[in-house]
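Chain lettering (A, B, C and D) follows the sequence in which the chains are written, and residue indices restart at 1 in each chain.
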Amino acid sequence: MSRPRLINREEASSPPTPERELLVRLHDLMVKTRVLEERLIQMYKQGHGYFWIGGPGEEAFNVPLGMLMKKGQGLDYDYLHAHYRQSGTLLALGEEPIGALRQMKNTASDPYSGGRNFAGHFSKREWNIAPVSSPIEVQYSIAPGTAMAQKRHGGDGITIVTGGDAGTAEGDFATCLVWSSRPANPLPILIIVTNNKWGISTTADGQHGETRIADRGRAFNIRSKTINGNDPLESYRELKEAMDYVRKERKPFLMEALVSRLYGHSSASGANFVANEVDCVKEFEAKLEKEGVLTREQMDALRNRYSEDLATAARLVRDEPQPAPESIWNHIYAEKK
Amino acid sequence: MANMAQAIRMALHYAEENLGVMDIYGEDVGPPLGGVFTATQGLKTAWNSPLDERGIIGTAIGLAMAGQRPVAEIQFADYIFNTIDLLKIAGNTLWSSNGDWNLPMVVKTPVGSGIRGSLYHSHSFDATATHIPGWKIVIPSNPLDAYGLMLAACQELNPVMFLEPKALLRVKGEERIPGEPDDDKQLSKMIDAPLGDRSAWKPQWPSLERYEVPIGKGKVVREGTQVTVVSYGRTLPLCAKAADTLREQGVSAEIIDLRTLWPYDWELIKGSIEKTGRVLFVNEDTEVTNFGEHLVRRTVDELFYKLLAPPRLLAGKFVPGIGLADSLEMASVPQLNDITEALRKLASEEP
Amino acid sequence: MSRPRLINREEASSPPTPERELLVRLHDLMVKTRVLEERLIQMYKQGHGYFWIGGPGEEAFNVPLGMLMKKGQGLDYDYLHAHYRQSGTLLALGEEPIGALRQMKNTASDPYSGGRNFAGHFSKREWNIAPVSSPIEVQYSIAPGTAMAQKRHGGDGITIVTGGDAGTAEGDFATCLVWSSRPANPLPILIIVTNNKWGISTTADGQHGETRIADRGRAFNIRSKTINGNDPLESYRELKEAMDYVRKERKPFLMEALVSRLYGHSSASGANFVANEVDCVKEFEAKLEKEGVLTREQMDALRNRYSEDLATAARLVRDEPQPAPESIWNHIYAEKK
Amino acid sequence: MANMAQAIRMALHYAEENLGVMDIYGEDVGPPLGGVFTATQGLKTAWNSPLDERGIIGTAIGLAMAGQRPVAEIQFADYIFNTIDLLKIAGNTLWSSNGDWNLPMVVKTPVGSGIRGSLYHSHSFDATATHIPGWKIVIPSNPLDAYGLMLAACQELNPVMFLEPKALLRVKGEERIPGEPDDDKQLSKMIDAPLGDRSAWKPQWPSLERYEVPIGKGKVVREGTQVTVVSYGRTLPLCAKAADTLREQGVSAEIIDLRTLWPYDWELIKGSIEKTGRVLFVNEDTEVTNFGEHLVRRTVDELFYKLLAPPRLLAGKFVPGIGLADSLEMASVPQLNDITEALRKLASEEP
């Protein structure tokens, strides 16, 4: 399975070039993510999981985010407080997709929650990936905490928090803006809103008095920007610029990324492909083909390879055992070793 | 027969037509979805709120101050825990203003396990709700009670918490709701929103009749002589089932559906315990500082010397969440077999 | 006791004129309010009450607010969701000050809470005055509810909500902005922040990333303005303009009023006069004297009359009984008559 | 001797010097005030947060994720009820991540009545806190225990809720804190902030020693044979007083200071009840779905046949608030006389 070499610090801080290598890596990871999500949906539809939620439609934004993160454990590295559509970021960081399948099937081997939590609820302390929790927006109240620790610690590690557009109506989003922009202690935090214009079945138009969600950051004198999250190159460049700013200035940045929701909200709404939204993978592939970066054949081959890999992984996971009933008593409290 | 979601929908239709309800709202409560459990489909006053539980409860208080009889929904009780301060305010506004401002409002929210909801679609709310003074709290276990309790709630002068057992929302009833058509295929055609595009759809409401289940009244659903079981919500039908099984084995259990958690029907409970001398309280909230423990305390306070065995509580395990895997959910909250065994043991317990 | 005639609708909607009558009424009510607050503080210091909190320093803003409110019960009149510094507004509406003394002394006769709640915690359903509750900012989540009912009802009744500057850090302030500016249903609500630059002992400078708290309204395209709440005429004019806008347009308006805190936060911080803040009564009296509107003698006479009135009221209240112990069981539930 | 506020302050000083505490924060926790009860005066890592309880608890979780051992304060427990969802997350993060993320954090907050705090400076939090899994919950009743429990809390790997009985914060202790100077005038000079301008002030800390009260261990504060009393916080000293009064009248009561509410010292309680056969649980939270009811349930569950009388609970009345007037507060939460009478009655209760 082609494992993308994780971009290292030197490269990350060098000016982003749209050179072939970058385009190919972006495409590779976007396809890999899409194939993973489609596999998870298939597992749900075949009865190999109770619930699916994930990020098809956000690959063009979530993949560059993972490529640009400083991966590692502790204050010197980036913390990610994500919501439940972040698979592209995890794969871009180099995560093996089989873990997501295990969580989908709630097996004891699920590396993120041991069969306890829903699909897409990643947790990986080894890489500063905070546990995804279902309650909308709470991560925005939590994230300034890791950012405070990083501000005091120094270095260039930053905190990243992501969530959706509808969720910004929760007070926690305001809490994040207030605590990140205190004159007494501005924080090195990249505040991201992935705006797909939906909250389950509720459309954004009737709910948002803001012209742009990013305007809410401006009120706090937080540098803020709205970008096209369906364009992987624009996302890469804008994220790089924003992350460099946060790393160096140790100040907050609010980024609103316009993205798509390609399979509806979750399995609760059927998880069927919707034709009327921009498909970032499709558009990117058309561009790559037109510009002669990759041929249709190469791209199909890549997709087929990932599909086979994941079919194999799914077969493997299918027979793995569920957690034992008495395991509910494990990990209520941490104990001194 | 209608299922509980349809029963609640019909009750809310009756309430917006006849009881002055003008706002049925919450996240995804309005069109096109009509609620994640379809309980608010086709209602003319249903609308979609921002994704903000504090705003939902806060504005419900404001609407009630303005005499609007709001019915506000929290999509899952799992997401009500950032509003406890506001719920306390709703419960203390009349008292703190020494009788000046009463708040006629209903908050409805699905509770409990049973749909493989994992950590955040399985929460119970009965323990937390019963610790908040100033509210009336109801929880139906069948469609007809859901209809009757919602009609009663929508006529209250005080805040009412309407808890909806998730696992029972799609279960059909055994008793007809007054006005409900005989054939439930027909009912579904009339009031269930179609799949696909709903923009043109309008429900055809049956001509429903007024039917109320008085707040504060429980109900004996199985008569018995040897042991009393007090339950509500998801576990109530399981308790009835367990009683039926045990009856064949010569154990006679009386099953009480509490229906209202506050103010609850103590006279009914007391009378039954005085008869049986044994009582099992069953609910699925976590078992530490649990409402069932209040009922145990009341029992020993008033009936200690009449008891033949210690009053028992069967409730959810005190763990941080209900895990997604079948094995985990089964091990965390009472299942039919747990109830049958607890009952059998209690019925035959000797010092 | 000079009871100010309550301005009626016709006058309220006619252009504000700084004519003598208005100046005299403003001054009368500001002095009356200050004397009331000073009496309450004295009661606290003499042990005739456990806790004092109130609005000395906000008279120049709170009095015009009360003068301009449409007083009455129900949707056709204005609702007030206030915090605990609103005495000037209540007196301007024509409230008898003795009620505040009774609440201070927690007597059974306390008209706002029957001896249950702190001083300054008014409640008067007859005039749409929602009960003041101690938790900071919750009124901002509640107020849009009465505004929704008024929007549906029609007419020109509006909802007014007030609170302090530090409290805007609570999510409830954002909730108020979100719910008031929904494109699906903009609300007739005047959102007020009285900014005294303090939160108990915490100064605003280290906590607010906003240049102006009013900027937070702009992000939601809510008409917003910051005014000098220490100037009663400016306050009167700006409030009139804002209230006319909200009444006619049925849209929200956010007003930030810069005010003073003349006796510290509350009795918990000693309730002693602080010399280094602008005293709106002092400044207004200097102006009135300079412009020959009122003489020093007239103003002293007025203050003395109110002082005597309140001394008499305090003596009356001193001997009134506390609520009976068993009264704790009253008013837990409302019953159908 | 030091009062409890000074004891907590000294413990926090010890913790920031020796236990890795780097953030002691909350509303008005930093200079100039140092906390509304002076418990954080002069601490080098104390700072003032925005007026936002959700931000305070949320960032404490984040700081704990980053291994910073935060001590976060909610100014009054009355204002913690908009953060229950976050407290639940703090309690389930280790479990939901299957052991991946533990959260070493302390939340301190003043609780209970006794200062004529009216509706919103009188709340208890023990019932609500004990219903949240994943936390350890402590509540001292004297300065030395406050010191020892805070030192233990600051070394925990898990979230600890440190409840401070308001009414006892200014009460001096009977036992010396290791390192505390003999003369409390001197102690006050050294660590109490002066009135007026404090900008130049620096505390002189006594050379304090490590002293821990292990979490999970209760303490017998009066030995007795006829009746057991289990209490904590404000009501504990009243229970001891009542026991002393009754002893003169020939009633021998054993008083247990629970000190830790979760995980609590059941062995200690059980041993005492097995000896006396009678038990009274006393706390001041409202009495419906109250932690004392859990203790009653545990008692009848395990000790039913050894009881000479029903286990009793004396707690706060189930009313929406504690009224400001003396008469109202006295009638709402247990006072010395209520405890003495309840004890007397239970000690002599016959079937």
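Going forward, contacts are C-beta pairs under 8 Å (C-beta built on N, C-alpha and C of every residue); 3 or more make two chains touch, one makes a residue touch a chain.
All figures in this text were calculated on a predicted structure; none of them were measured in a lab.
Enquirer: Tell me which of A-B and B-C has more C-beta pairs in contact.
Expert: Per the contact counts, B-C leads.
Enquirer: Name the chain whose C-alpha centroid is farthest from the C-alpha centroid of chain C.
Expert: It is A.
Enquirer: Roughly how far is chain A from chain C, going centre to centre by Cα mean, in whole Å?
Expert: 47
Enquirer: Return the distance between the CA-based centres of chain C and chain D, expressed in whole Å.
Expert: That pair's centroid distance is 37 Å.
Enquirer: Per the centroid of Cα atoms for each chain, what is the distance between chain B and chain C, given in Å?
Expert: 41
Enquirer: Enumerate the residues of chain D that touch no fewer than two other chains.
Expert: In chain D, residues 50, 52, 54-55, 79, 82, 85-86, 94-96, 119, 133-134, 319-321 touch at least two other chains, as defined above.
Enquirer: For chain C, write out the residues touching at least two other chains, lowest number first.
Expert: In chain C, 113-114, 116-117, 133, 135, 169-172, 175, 178, 182, 184, 206-207, 332 touch at least two other chains.
Enquirer: Given the complex with chain B, which residues does chain C contribute to the contact?
Expert: Touching chain B: residues 74-75, 79, 81, 110, 112-114, 116-117, 121, 123-125, 130-131, 133, 135, 138, 140-150, 152, 159, 171-172, 175, 178-179, 182, 184, 330-336 of chain C.
Enquirer: Which residues of chain A touch chain C in the complex?
Expert: So the residues of chain A touching chain C come out as 169-175, 177-178, 180-186, 205-211, 215-216, 218-222.
Enquirer: In their shared complex, at which residues does chain D touch chain A?
Expert: Where chain D meets chain A, its residues are 22-23, 47, 50, 52, 54-55, 57-68, 70, 85-86, 89, 93-102, 133-134, 136, 157-158.
Enquirer: Going by the contact rule set out above, which residues of chain D touch chain C in the complex?
Expert: Those in contact with chain C are residues 27-28, 32-33, 36, 48, 50-55, 78-79, 82, 116, 118-121, 317, 319-321, 323-328, 330-332.
Enquirer: For chain A, which residues count as touching chain B in their complex?
Expert: 50-51, 106-108, 113-118, 133-137, 166-167, 169-171, 199-202, 206-207, 268, 322-329, 332
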